[in-house]
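Here come two complexes built around chain A, the first alongside chain B, the second alongside chain C.
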Partner chain A sequence: MTAVDTTVLVSPRARRRMLLRKRFLRRPMAVAGLVVVVVFVLAAVLAPVIAPYSAGATDFNALLSHSSSKHLLGTDELGRDELSRLIWGARASIQAGFFATMLAMVVAVPIGMIAGYYRGWVDTVIARVTDVLLAFPFIILAVGLAAILGPSLTNATIALGVGAVPGLIRIARGEALALREEDFVPAAIANGANDLTIIFRHILPNMASTLIVQATLTIPGAIIGEAVLSFLGLGVQPPTPSWGVMLQDAQSYLSQAPRLAVYPGLAIVLASLAFNVLGDGLRDILDPRTTR
Partner chain B sequence: MGGFLLRKVGAALVVLLLASILVFLGVRAIPGDPAIALGAENRDPAVLAAVRHKYDLDKPLPVQYAHWIWLALHGDLGTDQRQLSVAHTIVTRLPTSLELAFLSMLLATLVGIPAGVIAAVRRGRASDYAVTATALVGLSVPHFWLGLLFIVWFAVELHWLPASGYVSLSHPVANLEHLVMPSVVLAAGLAAILMRQMRSSMLSTLGADYVRTARAKGLNERTVIWRHAVRNSLITVTTVIGLQLGGLISGVVVTETIFGIAGFGALTVEAVNQRDYTLIQGVVLVAAAGYVVVNLAVDVVYSLLNPRIRVSGART
Partner chain C sequence: MAAPLLEVTDLSVRFDTDDGPVHAVDRLSFTLAPGEVLGIVGESGCGKSVTCMSLVRLLPETAAISGRAVFDGTDLLALSQRRLRQVRGRQISFVFQEPMTSLNPVFKVGRQIGEVLTKHLGLTRGEARERTIELLRLVRIPAPERRLDEYPHQLSGGMRQRVMIAMALACDPKVLIADEPTTALDVTIQASVLDLLRDVRERLGTAIVLITHNLGVVADIADRVLVMYAGRKAEEAPVADLYTAPQHPYTIGLLGAIPRPQDGEDTARRLREIPGRVPSLRELPAMCAFADRCPRADELSRSQVPELRVVRPEHLVACFHPGPE
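Moving on to the complex of A and B:
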C-alpha cells in the first residue's frame, strides 16, 4: 500500500527516470561500457595528473625497452614512456570523438527536421545535397581539407563531423516525418504555435532519445576515424601523441617491438567497443518498441 | 521502369555536377597563387601572365569551371607536378584498387550473409551469441590496426605471406598471396556490418505473415528460410552494401598505405603529401564520380530485386 502511495507522489518525469535507471542497471554490458567510457574521459582530462611522465619525455637509457617497474608498458624508439603516451593520446581521441559528433548533430539535426517536417521540394533539395556529401567519403573529405587548411586535429575533426552529417540528416528526417503525424502537432497548431515552435519545442524533444543513441554510436566511428587520419599523417601531427600517430611510429619497428603496435590499437578497440556497447544498451532501454 | 531509371540517372547527374563544382571551388580555395606553382616558381610578371593565360586563370571562375569540366569529360584532367598526365596516372593505378575492393566485397558477402542467417535462425542460442560478439569486435577493430597485427603475425613471425607490395594479375598465385591480407583486413568490418544487417532483417522477415503462411502450407524449414526469408532480407542488405561504398573507398586508402600497394588509395595520400593540387583535384573528382556511378548501379539492382520500389517508392 505504501509503495503505491509513494509512486503517486513522484512526478511522471522522475518516475520515468527511475524506471530508465533500473532498466539500464539490469544490462551489465551497457554498465561496463559506461564505466570504460568514464575511465577514458577521466584519463584524457586528468592526463597531466595521472600520467607517470610527460608525453615527450625521453629516456635514452631505455630505448625500445620492455615493461619494467619504471616503464609499465615499456618505451618506444625514443625512450618515451608508452603508458604515458597512451594516456595523453586519449585526449586527441576523446576530443575528436565528442567534437566531431557535436558538429555533426548541430548541422544535421535542424536540416533533417526541416526536410522531414516540410517535405515536398525542400525535402528533395536537402536529399540531393545529402547525396553530394555522401559522394565524398570522410577520407576524401579529410584529404581535401588537409590540402586546403593543412593537416591538424581540428581539421580532421571537422572532416569527421562533416562526414557524419548525411547519415544523421537521414535519421532526423525519418523521425520528423513520423512525429509530424502525431496528435501533439495539430494540438500545438490549435494553440497558435508557429512552425519553429513545433519543430524545436515539440518534435525535437520527442526524438531526443534517438539522437542520444545515435550520438553514442557516432563517437566510436569518429575515434577510429581520428586514429586513421593521424596514422596517415592527415590528423594529429607528431610529436603530439595520438593513438594513430603511435601506430604510425610503431610501423617502422614491427619486427623489433611488435608490442608498440599492440597497445595503441587495444586502446582504440576498447574505447570504441565501450561506446558501441553503451549505445546499444541505451537504444534497448530508450526505444519503446524493444521495451521489456 | 523507364521513368524510374531516367529519374535515378537524372538525380545522379545533378549530384555529379554539384560534386564537381565543390571539387573545383575547393581547389580554388587553397591558399597561394597557382600560377607561381604552374610556372615552376618563376615570379617574372611576364611569365606569370603567360601562365595565367595558358591555363585560363585570367578568366572568370564560371569560364574556368566550364573549361575544366569540358576537358575532364574528354578524359583530360591536366598534368601533375612531374608533368605526367593525371588521367593516365589514375587509370594505371585504379585496376589494383578495384581488384582489392572486389575481393574484399566478395569475402565480406560470403562470410557476412550466411553468418547473419545462422544468427537469426538460431536466435538466442550459443551460435547466435558467438556470431554477434564476433561482429561487434569486427566493428570495433580499426582495419589499419588489424593490418599491422596481420603483418606482425603472418609476415614477420610466421613468414607465411609477403608483408607488402603488389604483383600484377599476370602472376595469379603471387597476386593472390599479396592480396590475401589486405582483402581480409578490408573485408572484416564490412562482413560485420552485413552480418548485423542480415540478422536483423532476417528476424523481421521470419516474423512476417507470408513466412507463417509458407510454414502452414507445410513447406520444409529449409525452403521457408532460403526461398522466402533470405530472399526478402537481401533487399535491405543491398541498400546497406550501397551505403558502405564510401567506407570501402576510405578503407582502400588505408589498406593500400599499410600494405604498400601502389593503387588509387595510396595515390590519394601521396597527392596530399606532395601537395600536388592538380592530382588532388583529379583523384577527388574520380572518387566522387565512382561513388555516384556505383550507387546508381546499386539503386537499379535494388529496384530489380524489389518491384514495389519502382511503383510506390518512385517519389523519393
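Moving on to the complex of A and C:
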C-alpha cells in the first residue's frame, strides 16, 4: 500500500512533478536536447564572461589560423577568435528564437482562441486571413521590413514572429474548438462566468501544455530564420557576430578555410535540433495518454 | 401556498435546426415556492433539461425562447446578459449530470469554488478559502482542508458531485437546479447525494428543482412532481397524490416500469414498459402527444390537444380520460 502512503504524504502537485521528471529522464534524446539547449542559453547569457576574447578583437598575427591553444577553433580572415564569435553569436540566435516565439504567441493565441470559442463569422474571417498569411513567405515580409525600417536583429525578430503567427493561430483555434465543448464550460457559464473569464481562465490553462510544446518547436524555426536573414544581410549587421553573418563571411574563404563555415553551420544545426528533440520529448511526457 | 419564488408562464423553446424547427418545450407553466423541492420527470428528450436551462439561458443561440419566467419580481427571459450573469450562480445555480467532466481538470477544487465566491460576493482569497472549507464540510466531504488542494481527477465521482453541489451552494442561491445529479453515480452514492440535497433544503431553505427520469428519486425527496411528455406538461401533483392516485396514463406507465422487489407477493411481476417511442418534436402535434402509445386513446385524443384540468386541489392532468387504472 505504498501508493496510498505517498498520496497522504506528498502534495498532488509535487507528485505530478515527480512523475513528469521520471518520464522525462526516461527519454535520453529529450535529456540531451535539454542539456544542449541549456548550454546554448548559458553561452548566450554569459558570453562576456566565458568568451575568451571580445567578438570584435582582432589578432593580426593569426589571420585564418588553424586551431591552437591561443585560439581553440582558429581565427577568421580578420584574426577574430572563432570560438568567441560563436559564443557571442549565440546571443542573436537565442534572442531571435525566444522573442520571435513570444511575439507570435502573444499575438496568435488570443486570436486563435477567439476564433475557436466564438466560431461563426468571426472564425471564418480569422481562418481565411490565416490562410492568406500562411501562403505569404516570411522572407518577403522580412525584406519588406528591412527595406522600410532598415535591417536589424529587432526587425528580423519581428518578421520571424509574424511569420510564426498563422500556424499558432490554427493550433490555438483547434484547441479552443475542442475545449469549448467540455462540460466545464457550461458549468462555468451557469456559475455566472463571462466570455473573457471562460476563455482566459478556463480554456487557456487547459491548452498550456500544447502551447509549451508548440513554443519549443517554434524556437528552432526562428533560430534558423535568424541565421537565414543575417546571412542575407537582412538581420544582424556585421561586425556584430551572428551565426548567419559568420556563414556569410566564410563564403569568400570557403576553399582556404572551410572550417569557418562548418562551425557556425554546426552551431545552427545543433541548436535547432536540440530545441526540436526537447519539444518532442515534452510533447510525449505531457500527453495524457503517455503511461511511461 | 406562499407567494411563488419562480413563476414560469407559457414557456416555449424552439430550436431552429438545419432540418427545420424542433419544438422542445411547448407552453409550459409551473411555479416554485421558496424552499420547495419540485421534481420534473420524464423520458429522455421530453424537454426537462431544456426547460431549466432556458430559465437562465444556457442554451445555444439556435434556441428561440418565449414566455415569461418571473423570478423574485423580474422576468429572467427579458434580462440583459450582464444582469443574467449576476443571477447565474448567485441566485439560481446548477448542478449538472456529469460530475466527472463538469469540473475544470487543471484547477484545484478549492480554487474553482473560490472563484465563484470572489466573483459574486467579492470575498478575498483568504475569506474564500475559509468559506470553501465550510462549504465542503456542509456537503460532507471529509478532511476538507486537504481536499481543497486536490485536483478533480483525484476525487471519486460522488466526491466530485459533492464539490459541484458545494460550488452551486457557494453564494447561498435561492434556487438550485439539479439536472439528473445522481444519474452518473452508483446506487449507494446516489442515496447519499439525495440525502445531502434534502439536508441542504432543510438547513439553507434552498428551493430545489430536481430533474430526473427516476421516479424513485423523486418519491424520496420532492414535494411536488411535474411529469413532462414531449415538451408538454402531462401531470402535476403533490408527490403523495401522484404515487397513490396517478391520473395520466403516461404517469401510470412510468410508475409501472419501476422495479419493486420489496412488494412481496409481486416479486415475479414482469416490469411493464410503455410501448412505442417519444414522438419527434419536429412539429407540434394537434393532438395528445401521447395518443400513439396510450391504451386509452380515442378519436378525441387524436383530434385535439388536451387542456390541463384540475382533478383535485393542486393536481392537474392533461388528458381526456384521466383516472387511476
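Quick note on the criterion: the second predicted complex is superposed on the first by the 284 of 292 C-alpha atoms of A that agree within 3 Å, B and C clash if a C-alpha of one lies under 4 Å from a C-alpha of the other, contacts with A are read in each partner's own complex, and residues count from 1 in each chain.
Here is the rule we use: a contact is a pair of C-beta atoms (placed from the backbone, for glycine too) under 8 Å apart; a residue touches a chain by one contact, two chains touch by 3 or more.
Just so you know, these numbers come straight off a predicted model, no measurement behind them.
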| item | value |
| --- | --- |
| Fit or clash - chain C, chain B, common chain A | fit |
| Touching partner for A:N276 - first (chain B), second (chain C), both, neither | first |
| Partner chain in contact with A:A187 - chain B first, chain C second, else both or neither | second |
| Spatial angle chain C-chain A-chain B, Cα centroids [nearest 10 degrees] | 100 |
| Touching partner for A:L177 - first (chain B), second (chain C), both, neither | neither |
| Partner chain(s) touched by A:P205 [first = chain B, second = chain C, both, neither] | second |
| Residues of chain A touched, compared between chain B and chain C (which is higher) | B |
| First, second, both or neither for A:V228, with chain B first and chain C second | first |
| Minimum C-alpha spacing, chains overlaid - chain B and chain C, in Å | 14 |
| Common interface residues of chain A - those touching chain B in one complex and chain C in the other | none |
| Touching residues (chain side chain A, partner chain B) in the complex | 127-129, 131-132, 134-140, 143-144, 146-148, 151, 220, 224, 227-228, 231-234, 247, 250-251, 254-255, 258, 261-262, 264-265, 268-269, 272-273, 276-277 |
| Touching residues (chain side chain A, partner chain C) in the complex | 11-12, 182-184, 186-194, 197, 201-202, 205-206, 208 |
| Complex interface listing, chain C residues touching chain A | 56, 58, 85-90, 93-94, 96, 98, 101-107, 115-116, 119-120, 149-151, 154, 164, 167-168 |
| Chain A-touching residues of chain B, taken from the complex the two chains share | 11, 14-16, 18-19, 22-23, 26-27, 29-31, 136-137, 139-142, 144-145, 148-149, 151-152, 156, 245-247, 249-250, 253-254, 257-258, 268-269, 271-273, 275, 277, 280, 283-284, 287-288, 291-292, 295, 316 |
